[in-house]
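Have a look at this one before I ask anything.
In this document, chain identifiers A, B and C correspond to the written order of the chains, with residue numbering beginning at 1 in each.
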Amino acid sequence: MLATLYMSVKGISKPTIRKIAGLDAIGEAVGRATEMGRPIHFSPGIGGLGTDVAPQTLAGLSVLAYIAELAAKYKTTLWTTIRQAEVQPLAAEIVRQSYLKAGAAEAYDEDKVIFLSTAQFAYASGVVGLMHREKVAANIMIGGFWAESLLFAEGGYLAGAIQVAGTANTAQIPFFVAACDYCLIGEEILAAGAYISRDPVQLGAIWGQDCAKFIAIILVAVGIILSLAGSDYLWKVLRGPLW
Amino acid sequence: MTEENEMSFFDKLEKVDPRLIYILVFLIVSLPLIRPLGLPISMSPMTIAFYDAVEKVMPGDVVIVSIDYSAASSPEQYPQTKAVMHHLATKGAKIIGLGFWADGTPFIDSAFKDVLGKSKDHPKYGTDFVNLGWIPNGEVGMKALGGDVQGTCPKDYYGTSTGTLPMMKEVKTGRDFKMVITLSSGTPGVPEWIRQIQAQYGVTFLYGVTAVSAPGVRIYFPAQAAGGLEGLAGAAEYEVLLIKYGYKGTLAPPMDSQSLSHLLVIIFIVLGNVGYVLKKHGKAK
Amino acid sequence: MKLSATIRRSLPLVITFIAGLLAIGDYYLKVKVFNDFITQWMKFVNVAAAFAVIIGYVTLTRIHTRRLNQRREGWYNSVALLIGMYAFFLLGVVFSEGKFTAHPAYTYWFNNLYVPLDATIFSMLAFYIASAAYRAFRMRTTEATILLVSAVLVMLGRAPVGPAIWPAFGPITSWIMAVPNSAGMRGITIGIALGVMSMGLRVLLGRERGYLGPGA
């Protein structure tokens, strides 16, 4: 991972990311909301910044910057709902900077980046209520989601919104696949920042992940062959301890 | 004219009003609770593995029961909690109740009261079971717990110093846990316990999860987890296995509700697909 | 003391780097003094993290008192929220006679108000899952058909009615969960773990600064 990061940053190699339909659909969703004159709703998930789901929250916030810039450019209302208190100032600043970048600083409304509640289902009922009251036309959810994921997806569907969702929580992916128009599965959301920004650091990191996955596949294949041959050597080595 | 009516019927079949679905689900779930059907409960290998692992617990073994769920999933997981506590108490285990979800920890006290009659006022509190309450900070808290139990939990849920509780004198680090059982509906939960305690100290690990989480945590069986209770069905199966220990289960009627609601969903899926296929067939003509 | 812009930008990155190295070092190095230090440090972090609860209280109070003062649409909901929030706080801290959440009054309101409310919202999933499954499971493609068939088989196998109709539903469900489901989930989990590792590496090296805010 370090090697690919270095090569990408120094321009030795220019990695590319395959087409991710869900991320391309975000622009389509914002466009639809603009045409219909109805707002967009975005949620960066219910995870915070201090746990192992922080990467998902950060991925969601990088997509928020992109959506906020589009919304500012097209003069579409953007509602951002937050569950963790420490994420709210970050999200508000991201939206403000995006509006500034799009030349629409005066259109920024800090009351539209709402911290609803730290209680999971209180947050869920707040979001569903907002989607129905505001009749959102696009519902974009990228981040760490848990049991409330289907509540959001069905709530958005009943409000008539086009939905793009993504999470790395494996238990919730099926709900998004079933109920949303576009779904980002697993680490596709972690690639979102790189896909949108084309930043060499992020592209290099994605490339490094793919190389590591390739190594994992080789290990799995070798493990299958060894275990079919009756050897558990590789399993013992990987299980540790190393020393 | 007839063809248009037929097409319209297939459209209706394919696009049933969700409100009709909601009303039917409500009726289908509530009626068996009033008049149970008595469908037999079959065993899943995961529940049997869970039961077998707890059967191996010897009197005096220290077992952590971690309540890692919120009030929302308590209808599904509190029955698991009571059944697990009952089984462990029957085996003579020394139970340490704790949790990493703030709004789940009152259930530890409730479970002790429901299973043992009393919690803090029980004569065996402190010698056979303790309630350490909420430990903040999720996975980092688990790591701290594994490194120094009494340092991480200097007081129990009721404000008593853990150093003064007789059974805690021998429990210093994760190495002193014989078994960890997490009853979890999300994060922190199964993967965090495996990373910080099971993998570090080689403790026997079991889980009880909501049905939704079950496919995601099945990957840890059997290498890291010795067994698991999956949803309300898992709890019902476990109750059946505990009948021999005099446990009186209450989950037969809810399982009837679950059976009928599954059938209802399947019927709607079939109807929707019939409408879809026949509509497609009609268009192809 | 006003810090220069360079130090303000670099200091959080240096702290992150050192903290990350210490945590990684604890896993690989088995040196008693070092491991004991990390254990103490984790306990300190635990205590500090508990104070994050206060952030939620302060933020909610600020937002909803402002709504109340400005008489925004639905301001009475803010009144209900503030009353509920502070009532539980008073019950659990001020009037709990030192028992905090173990006090019978707190337990009573927790069991009879909070638990039913939370469980009710969660139970909406049962209705939504029925309508989502009805809408989503269509035989549009081969893959969708496989998804539909396996969903039906698992639904039948995991409830008593399935084995009551045909005993083989149980073993079929167990096979689906143990083999194709586990295979797919393991692949996704490995991919996600590598993604998280990559993000962690970037945070450690200061290449990922999203958590510091835009412009960091």
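Here is the rule we use: contacts are C-beta pairs under 8 Å (C-beta built on N, C-alpha and C of every residue); 3 or more make two chains touch, one makes a residue touch a chain.
Bear in mind that the values here come from a model prediction, so they are computed numbers and not experimental data.
Peer 1: Where are there more C-beta contacts: A-C or A-B?
Peer 2: Answer by contact count: A-C.
Peer 1: Which one of the chains is closest to the middle, using the mean of its C-alpha atoms?
Peer 2: C
Peer 1: Let me have the rounded angstrom distance from the C-alpha centre of chain A over to the C-alpha centre of chain C, please.
Peer 2: Averaging C-alpha atoms per chain gives centres 15 Å apart.
Peer 1: Chain A to chain B: how many Å between their CA centres?
Peer 2: 28
Peer 1: Of all residues in chain A, which are in touch with two or more distinct other chains?
Peer 2: Each of 50, 52, 119, 121, 147, 170 in chain A touches at least two other chains.
Peer 1: Of all residues in chain C, which are in touch with two or more distinct other chains?
Peer 2: 49, 118, 121-122, 129, 131, 133, 135, 137, 185, 189
Peer 1: Quick one: which residues in chain B touch 2 or more of the other chains?
Peer 2: Those would be 18, 70, 72-73, 103, 137, 215-216.
Peer 1: Which positions of chain C touch chain B when the two form their complex?
Peer 2: Touching chain B from chain C are residues 35, 38-40, 42-43, 45-47, 49-50, 53, 98-102, 107, 110-111, 114-115, 118-119, 121-123, 126-127, 129-131, 133-135, 137-140, 148, 151-152, 155-156, 158-164, 167, 170, 173-174, 177-178, 181-182, 185-186, 189.
Peer 1: Over in the complex, which chain A residues touch chain C? Could you list them?
Peer 2: 1-2, 5, 49-50, 52, 54-55, 58, 61-62, 65, 85-86, 88-90, 93-94, 97, 114-115, 117-119, 121-122, 124-125, 147, 150-151, 153-154, 157, 168, 170, 173, 175, 177-179, 185-187, 190-191, 193, 201-202, 205-206, 208-209, 212-213, 216
Peer 1: For a test of understanding, state which residues of chain A touch chain B in their complex under the given definition.
Peer 2: Touch list, chain A to chain B: 47, 50-53, 119-121, 144, 146-147, 158, 169-171.
Peer 1: So in the complex, the part of chain B that touches chain C is made up of which residues?
Peer 2: Interface residues on the chain B side: 16, 18, 21-22, 25-26, 29, 39-45, 70-75, 102-103, 105-106, 109-110, 120, 135-137, 140-141, 143-144, 147-148, 151-152, 157-159, 211, 214-216, 218-219, 230-231, 233, 236, 255-256, 258-266, 268-269, 271-273, 276-277.
Peer 1: What residues on chain B touch chain A, complex-wise?
Peer 2: 18, 70, 72-73, 103, 137-139, 185-188, 192, 210, 212-213, 215-216
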